[in-house]
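Just dropping this structure here.
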Amino acid sequence: MTDAATARARFRRMAAMRAFDEACLEALRRKAIHGELHVGLGQEAIGAGMAESLRPEDAVVSTHRNHFHGLAKGVDRRALLAEICEREAGLCRGRGGHMHPFDPATNFSATGIVGASIPVALGYAHAFRLRGEAAVAVGVTGDGGSHTGGFHEALVMAGAANLPMVVLVENNALAISVQFDDVSPTETVSERAAAYSALGLHVDGTDVDAVAETFARAMDHARSGGGPVIVEATCHRFRGHFEGDPEGYRSKEERQRVRDNFDPLRLYRHRLAAAGVGEAEADAILAEEKSAMKALLAEVLEMPLPDPAGAMLYRFVEEARA
Amino acid sequence: MTDAATARARFRRMAAMRAFDEACLEALRRKAIHGELHVGLGQEAIGAGMAESLRPEDAVVSTHRNHFHGLAKGVDRRALLAEICEREAGLCRGRGGHMHPFDPATNFSATGIVGASIPVALGYAHAFRLRGEAAVAVGVTGDGGSHTGGFHEALVMAGAANLPMVVLVENNALAISVQFDDVSPTETVSERAAAYSALGLHVDGTDVDAVAETFARAMDHARSGGGPVIVEATCHRFRGHFEGDPEGYRSKEERQRVRDNFDPLRLYRHRLAAAGVGEAEADAILAEEKSAMKALLAEVLEMPLPDPAGAMLYRFVEEARA
Amino acid sequence: MSAVAERANDRLAMPLPATIAEAIALEMERDDTILCLGEDIGRAGGVFGTTTGLQERFGSARVVDTPIAEMGFAGMGVGLAQAGMRPLVEIMFVDFIGVCLEQVYNAAAKIPYMSGGRQRMPMVFKTAGGCIGSAAQHSQCLWGLFAHLPGMKVVAPCNPHDHKGLMAAALRSDDPVVFIEHKALLLRKGRDFRHHPDVPDGAYTLPLGEAAVVREGSDVTLATLSASVEHALAAAEELAGEGVSVEVIDLRSVVPLDADTVAASAGRTGRLLVVDEDYLSFGLSAELSLRVIDRLGLSGLRQVERLALPDVPIPAALSLEKAVVPGPELIADRLRQMAKGV
Amino acid sequence: MSAVAERANDRLAMPLPATIAEAIALEMERDDTILCLGEDIGRAGGVFGTTTGLQERFGSARVVDTPIAEMGFAGMGVGLAQAGMRPLVEIMFVDFIGVCLEQVYNAAAKIPYMSGGRQRMPMVFKTAGGCIGSAAQHSQCLWGLFAHLPGMKVVAPCNPHDHKGLMAAALRSDDPVVFIEHKALLLRKGRDFRHHPDVPDGAYTLPLGEAAVVREGSDVTLATLSASVEHALAAAEELAGEGVSVEVIDLRSVVPLDADTVAASAGRTGRLLVVDEDYLSFGLSAELSLRVIDRLGLSGLRQVERLALPDVPIPAALSLEKAVVPGPELIADRLRQMAKGV
């Protein structure tokens, strides 16, 4: 059983992630974000579960739906939110935006191209091995990304070279509108691990305790020289693929059913209770995280947008020095 | 046991294929080919073994090392040799050359880009299904091609849709200089079939009887709605990757050892004997095929090269009509 | 309201994607070898709605929802074409071409030639380009990239009428055609277009490779395409108020490129501005400028200028995006400068 | 023979690939964050020998023989660069870029900008282009394709001296560099080069983006790069015998493009010919021509011409190949025509 301190911490992490993406939704409503926005609401247990076993020296390479992975890796949330809100003080001075955060300090990055994250993680894994560092590279992808050629090629190389790489597949059973069952040749992604001589693990991604445990096992395996691991965490996406998605592919009832039954924060309440954390405390945690994010958003929205005069800066190294 | 007629036919097919590629080598010596040339010498049992169960309506999409697959599919050997020798009367009027033969009449094509053949085969498979035809699409690749993203993506789709596709992997354990064992995460390619819910078959590709039987089984499986199959045929490449390959990556002795021990034609002699086909008859078959190809080559070398005035023709459909 | 007026009104209320879906449906009806492959094109009807209703109507074998496997299904398109079908392959955003360019430029575009004209390749790569936010990896146009690689036609229409006619032409063409929609236009309805919002009901085709003069003028020739035509028209209107008469030409396709129409105009006005939402360098703007110069001679023009995305990844922040993506203001500014010149 | 003469002689007998391998080795020695990834680069030392000896010397973790998985190892390079390494990624032939362009143009080339300058991307994509037979899928140059996509430098040297110095510069650069060798040059020894076969022993760098005047002349300016420099020099020699004086400029890189040097020359000669083994349209030749016109004004030149691969996949047959790939004869013919002109 999870002890109270751990349960509290896990719940707080999930609460912080939820509050973060809710702040993003608010930022969108306030027109501080003018492009596509993909939030992770409903998938908090995965981000929160992975956070515990990520060390500063590890790397995470994420996707278009990257906020929780960035927070899990320790990216500064002010800088991340400012980037998402297109501010000069953002992680990437407002150049990258929500889909393209880069944080060399925490070895965190992402890409908006599905499947393209895994080869990049492979590069970190090779660097770690080459330099004799006990770090692990985590490549995140959705279920959709598991069908891409890049996923295969990176796992072929990681498997053959036994590299310290964990591929985390957030299987929310949808790639925009396309259902995993309709396009996957296998029932799970993790069962394909054998094709790469990798370890395949499957976990309920709405259960933060299970994720924390499974992800820790994967990281240990990779860190201790066991080679690559595919961790598949099943989960549910609460909102549209992006904000504004008409979701013609699922009914309102279906979406509501998902929210009612698979909310990782709500589901965790009975674990909290079992660990002796009461409803009131849980509510307080939620409220605290929410108000912290509200304050942070207010702060961020006061920050200046990038000066158009600098639009051409940072392509090449001279411009970055300038 | 293989009966005499079958054994004779199989041996003749192998002999014809060997004679074909030897004619190509001769054409190269006579400077009728000015680009790279990849021959299949040593891999005749695969081409000959697949020929029997290929029907005219089936499709084959091959690689840079495509001659035997073309012959197996029934491509006219005069037109193919003329194409390889860059003649206007060639299969593709001398525009495609050895790596890029296209024969709509027999549903045969190839590509010089490793791994790119399998998605194209997938397209044929979908067309067959859509039109209710009982045809099978065969995508050929080397062991090297099995690591490409295109291989994965095409098999994902074929597996999910249960399409009539056979992926033939000619595993000669080398991709130019790179040894399969050094870069593959698995011992075989065929064991990766499970990742695509495909049937995986492994066969000794120096044994034409075994190939014929296994390939027939694969074709039947796909033709009868069983879904995709990966057939891995292990074999040996007798010559360099391309003509002129210095082969710094293997010793002369190693190459000689391969030729001495794994020559599919020589290995078949005892089967011929068992079936009652004597040495003299076998020798005669070899000699007949050789001299037929010699005569064909002489004919082809008399054919005119394409007229430079037509260098721009055939890009677009108007130019093809012109 | 009369029946005709009502019809016209319906058309004006119709989102551009519905017109595109209509064009595809009409062709699929005519020709049962046409089929569509792509992500989210079936059940969802396309992320912009350009294939709405097609799967219901033609079934999931002719309107295939694919996994995210562009190399796989682009190559599948090549195989389908070789098998006698006429595939339309949707690459959701043109930015994703980097995972499957192989099958587009080394296979589809080269096979007709490599086969000596014996293997036709009737294929449409349908995709969406252009900037509506979402930054560097989701905002590119890239028609210059396709145009550099021989063997394919490259079309980028600007209004409902042309989308319908050029899509039909692309689907009937025996050559591979890259059909690039602009996301900003896909968000519009017929009535939001300044030019040619009217769309006939039945099927019709427009020739691939003919530019259209969409506004006549005498002082400067402005050649452009796709969403920039709308921006150019807005800028031209503004300049008209300042006494500068701008002729606006919609190229409609990059390959074939109708330099003759542009040269005829620029020969009269003496001034050429090429506006391009794709990257400035090594692309459309230099090629067209030089082809016009070839036709008119170095002395046949007084000014040749170009305004395009200035070789920078598209920034996330709106303040930066506006500074680099040529919109009506940037175009008007440039026209003003040119009018002041020689 | 003196020791110095002997050394020079060794250099002249050295295949170009050995010089490239030497350049890489010197940099790998200086900087242990450099590592190489690619097919056949280790045990075989590269299909042309440009990495000969490196794996023996630096081990198989720094000189990695990869499977055929370009998307995988190009992306691996991006990750290595992010992890503080300086990867050289070999794409055997540039024609194969279609399977992995994604990681080159959407990742490596854009990340420095997308990160607001916070993530450097010191990476070299080393590849071979150019025609030596082998037809449409194995003969392209494609520098125009990379150049159109912002964020990377694009280098294509023409002689041993420049290969060594520019490779060193590429490996020391903090920006992504696409380094395109030419297969025909890779088959040569030092003494086969008309220009700069001499190579200093130690490490040295050349600036990225400076063209070189490799032959002075007064009647026509011919700008080109890579193997075409050799062809241009041969043609210029021939034309000299006919009384036409041709200035030949080796651009050395496409990005940055040294249009200033070309404009300075063309301003003197009044005639510009751009020769390009890459495809004619939407590429280098129009861009350079137009940048020169921008600098000199429309009246600053009498002739602007270009000779390039005429937008056709490269045919297999030698008879056809010679008709489309610009060699010395085609260049000389064009120069002759130009000299007859105004």
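A, B, C and D label the chains in the order they appear, each numbered from 1.
Rule of thumb we're sticking to: contacts are C-beta pairs under 8 Å (C-beta built on N, C-alpha and C of every residue); 3 or more make two chains touch, one makes a residue touch a chain.
Remember, predicted model here, so these are calculated numbers, not experimental data.
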Item checked: Shared chain contacts [chain A and chain D, defined touch] -> B, C
Notebook entry, point to check: Between chain B and chain C, what is the gap in Å from one C-alpha centre to the other?
Noted result: 41
Check: Distance-wise, how many Å sit between the C-alpha centres of chain C and chain D, to the nearest whole number?
Finding: 32
Note to self: How many angstrom lie between the centres of chain A and chain B, each centre taken as the mean Cα position?
What the structure shows: 45
Next item on the list: Could you give the separation in Å between the centres of chain A and chain C, each centre being the mean of its C-alpha atoms?
Entry: 35
Next item on the list: Give the residues of chain C that touch two or more other chains, as numbers and ranges in rising order.
Entry: 66-67, 69, 71-72, 95-96, 98-99, 102-103, 106, 110, 113-114, 135-137, 150-151, 311-313, 315-316
Next item on the list: For chain A, write out the residues touching at least two other chains, lowest number first.
Entry: 92, 94-96, 100, 111, 113, 116, 147-150, 152-153, 156-157, 160, 182-184, 315
Note to self: Based on which chains touch which, is the overall arrangement a line, ring, star, complete graph, or other?
What the structure shows: complete
Notebook entry, point to check: What residues of chain A sit close enough to touch chain D in their complex?
Noted result: 59, 61, 90-96, 100, 102-104, 107, 109, 111, 113, 116, 118-130, 137, 149-150, 152-154, 156-157, 160, 313-317, 319-320
Next item on the list: Could you please specify the touching residues of chain D with respect to chain B in the complex?
Entry: 39-40, 43-45, 47, 65-69, 71-72, 95-96, 98-99, 132-138, 310-313, 315-324
Item checked: Residues of chain C touching chain B in the complex -> 35, 61-62, 64, 66-67, 69-85, 87, 99, 102-103, 106-107, 110-120, 150-151, 153, 173-175
Note to self: Considering only the defined contacts, which chain D positions touch chain C in the complex?
What the structure shows: 71, 95-106, 109-110, 113-114, 135-137, 144-145, 147-151, 254-255, 257, 279, 281-284, 286-287, 289-290, 293, 298-299, 301-304, 306, 311-313, 315-316
Item checked: Sites on chain A touched by chain B in the complex -> 147-153, 155-160, 182-186, 191-192, 194-198
